[in-house]
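The structures come next, written out as structure tokens.
Below are two complexes that have chain A in common, paired first with chain B and then with chain C.
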Partner chain A sequence: MAIFGLWVINKAGGLVYQRNFADGLAQLTSNEYLVLAGTLHGIHAITSRLSPTGSSSGAQVIEGESFKMTILLTATGTKFVLLTSLTETTADPVLQKVYEVYADAVMKNPFHTPEMPIRSEGFDSRITALIGSGLP
Partner chain B sequence: MAYTQPHPRFSVLSASSLSSAEHLSPTGSTARFSLPSAQSINTTLGTPKPNSRPNIYDRNINKTRTTEVSAAAFTFLFSEVVQYTQKRVSGINDLERRLNTLGYRIGMRVLELMVWRAESSSKAPKREIRLLPALMAVHTQVWRAVFGRPADAIEKSVENEDEYMIIDNDPPIERHISVPKDMNQLSCSSFTAGIVEAVFDGLGFPARVTAHHTPTQQYPSRTTILIKLEKTVLEREEVLK
Partner chain C sequence: MTIYSLYVYDRHCACVYYQDWHRSKRPKPAVEGGILNAVSSAVSPQIVVNTNAANSSAFSSPRNTLMSSTGIVVAIGEETASPVLQPASSEISRSSTLPFDEEAKLVYGVILSLRNMIKKISGRDEQFVSYRTSAYKLHIYETMSGYKFIMLSDPATDGLRFVLRQIYNGPFLEYVVRNPLVPMDSHEQGIDNDYFRASVDRVVRGLSVFT
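Entry: the complex of A and B
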């Protein structure tokens, strides 16, 4: 049970927040994270159109052998992605809480520019309080 | 400063015609008091529509005494206020001054409403004329009327005897604001300082009020509202002693 990392992807597919909490995944450069986030954004757009029966919310969980990523798509198109171990069961409630923290500490902060990278101490500290600073 | 100018209310008494919206505005002379045109009030009062909702000006003021506004809605509004203001100023001092001005306009109304309510509810309504009771009233009643709880402390400056401080450990209007590092001397509580300044001006204690961010380990958003009283106030206090 571990939470490895959190990404926030804006509605255009840009990575506006990325943070690691536990070791266990490959260390990437910030550029690689940007590319991955953009790719995930594209994959998500494809999956949301594949549904045979009407509209779809797109991919919600992508699982690998050693980890899974849980995706929360909000009404405004912002995506929250949580990278966790396979046995982690709290991913969905944690993402809901992250969304709440985002709404409070980012959207209500007059010094944040929408769609731009999140540089808000309040968001950082509240995420730390929610998920922890590094240890599972 | 507004209080150094002749009191704008006098100009109303000399207004000959009430039909002009400009004359109805008690404060046309100073930018700090600029109000929206009063024309719309006249027209809605003159021709009440049968099925329209009751006019906001006809509503009982006491009914809203205990009602609360949505903190989220207010925070979004205040965030927009700060962003709007920030686009139109040249520096942090200017930004704080503009926020102070906006707060001043609220403070005037807060004081008026509090006095009105005190008059209608208590048998012996009282006007604060001494400094310390006035400070206590701001600390307790004004804070309760505006933020729903009293402020956390009042302190007297050690160095300057004309300075007092009201301390709020967690100002609600700043709860979700993260000031960037390059603007770290900015305190958005300048808005609160404006409210306090207006209340003190209205009570007859002209003062300069500013806000300062004074974080502690326990309260990272602790804010000090610094009240610098005019000399005349201290002189009068001496006489009243």
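Entry: the complex of A and C
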């Protein structure tokens, strides 16, 4: 039971927020995170076209052997991605809460430019309150 | 709960086998040259009948003596393609679906990218296992030799890796690897044959999640 990280990807596939909370996954550079976010954005679009039956959403959960990525796509195209351990059951409610925090602390902030990286102490501290600081 | 389809890819990124069950949106047949021979008769390019005469000489192979007209076919794809009869039901929802060769490339692209992404994020030699959307779940099992077994199922199913492993351990080894008439790694032939297809079908239909 652990939450490893949170990504926020804007509707163009750019990574606007990235934060680690626990050790267990590789430490990557911010450039590598940007590339991964762009890849995920593309894969997400393709997975919705591969449906064998009816119409489908994009990928919602992607599982590896020791962790999973839960993806919340909002109506505006922003994606919230939570990296957790496989047994973590609270990923979906946590993402909903993150979305609320995002709406309150980022979208209502008059100094924030939409689609640009999130640099807001208010958002940071509310995410810390929600998920934890990641510091021991 | 159900199983939709099975894809097998070799280590050269080529789709070598395809089979589907309960699939309401079936792919269009592939375009000529889009996929290998002997992947699946249901999605092979449809050959116009009058070109058969011209092809028959070009494709004649010494192995053709093994193609008896009686008994079960143990390796197919070497005979000249006969026009495939499509089930009438598959004609209905064709309009918005992709041709099979395009679909096969997209599936491969997705699993390859996700595999690399999982490896990168974990920092270990970790395998990508599955992903889920609102309509389906994709499971993957990769063998040491680079064969990738991919199964699409209902989103509510648990991990199906053991089934893919079972298909590899059972039908695949028995009717593909141990079948001298199936050229593996050939870049031009799939691995479809009647025994393999029937055996995979038995394994999948015997699952508790298959209804």
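Points worth noting:
What we mean here is this: the second predicted complex is superposed on the first by the 131 of 136 C-alpha atoms of A that agree within 3 Å, B and C clash if a C-alpha of one lies under 4 Å from a C-alpha of the other, contacts with A are read in each partner's own complex, and residues count from 1 in each chain.
By our rule, contacts are C-beta pairs under 8 Å (C-beta built on N, C-alpha and C of every residue); 3 or more make two chains touch, one makes a residue touch a chain.
Quick caveat, the model's predicted, so the values are computed rather than measured.
Look at A:K108: by the touch rule set out above, it reaches chain B but stays clear of chain C. Shared-chain residue A:A45: touches no atom of chain B or chain C. Residue contacts after overlaying the shared chain place A:E121 against chain B, while chain C stays out of touching range.
Once the two structures are superposed, chain B and chain C can be ranked by residues of chain A touched, with C on top. In the superposed model, A:E63 lies in contact with chain C only, and not with chain B.
When both complexes are aligned on chain A by C-alpha atoms, no chain A residue touches chain B in the first and chain C in the second. Taken together, the chain A residues at the contact with chain B in this complex read 104-105, 107-111, 119-123. Contact residues on chain C toward chain A in their complex (touch as defined above): 4-5, 20, 22-25, 98, 103, 106-107, 109-110, 113-114, 116-118, 120-124, 126-136, 138, 152. Per the touch definition, chain B reaches chain A in the complex via residues 72, 75-76, 78-83, 86, 176-180, 183, 188.
Of all residues in chain A, only 25-28, 32, 36, 39-40, 42-43, 46-67, 69, 83 touch chain C in the complex they form.
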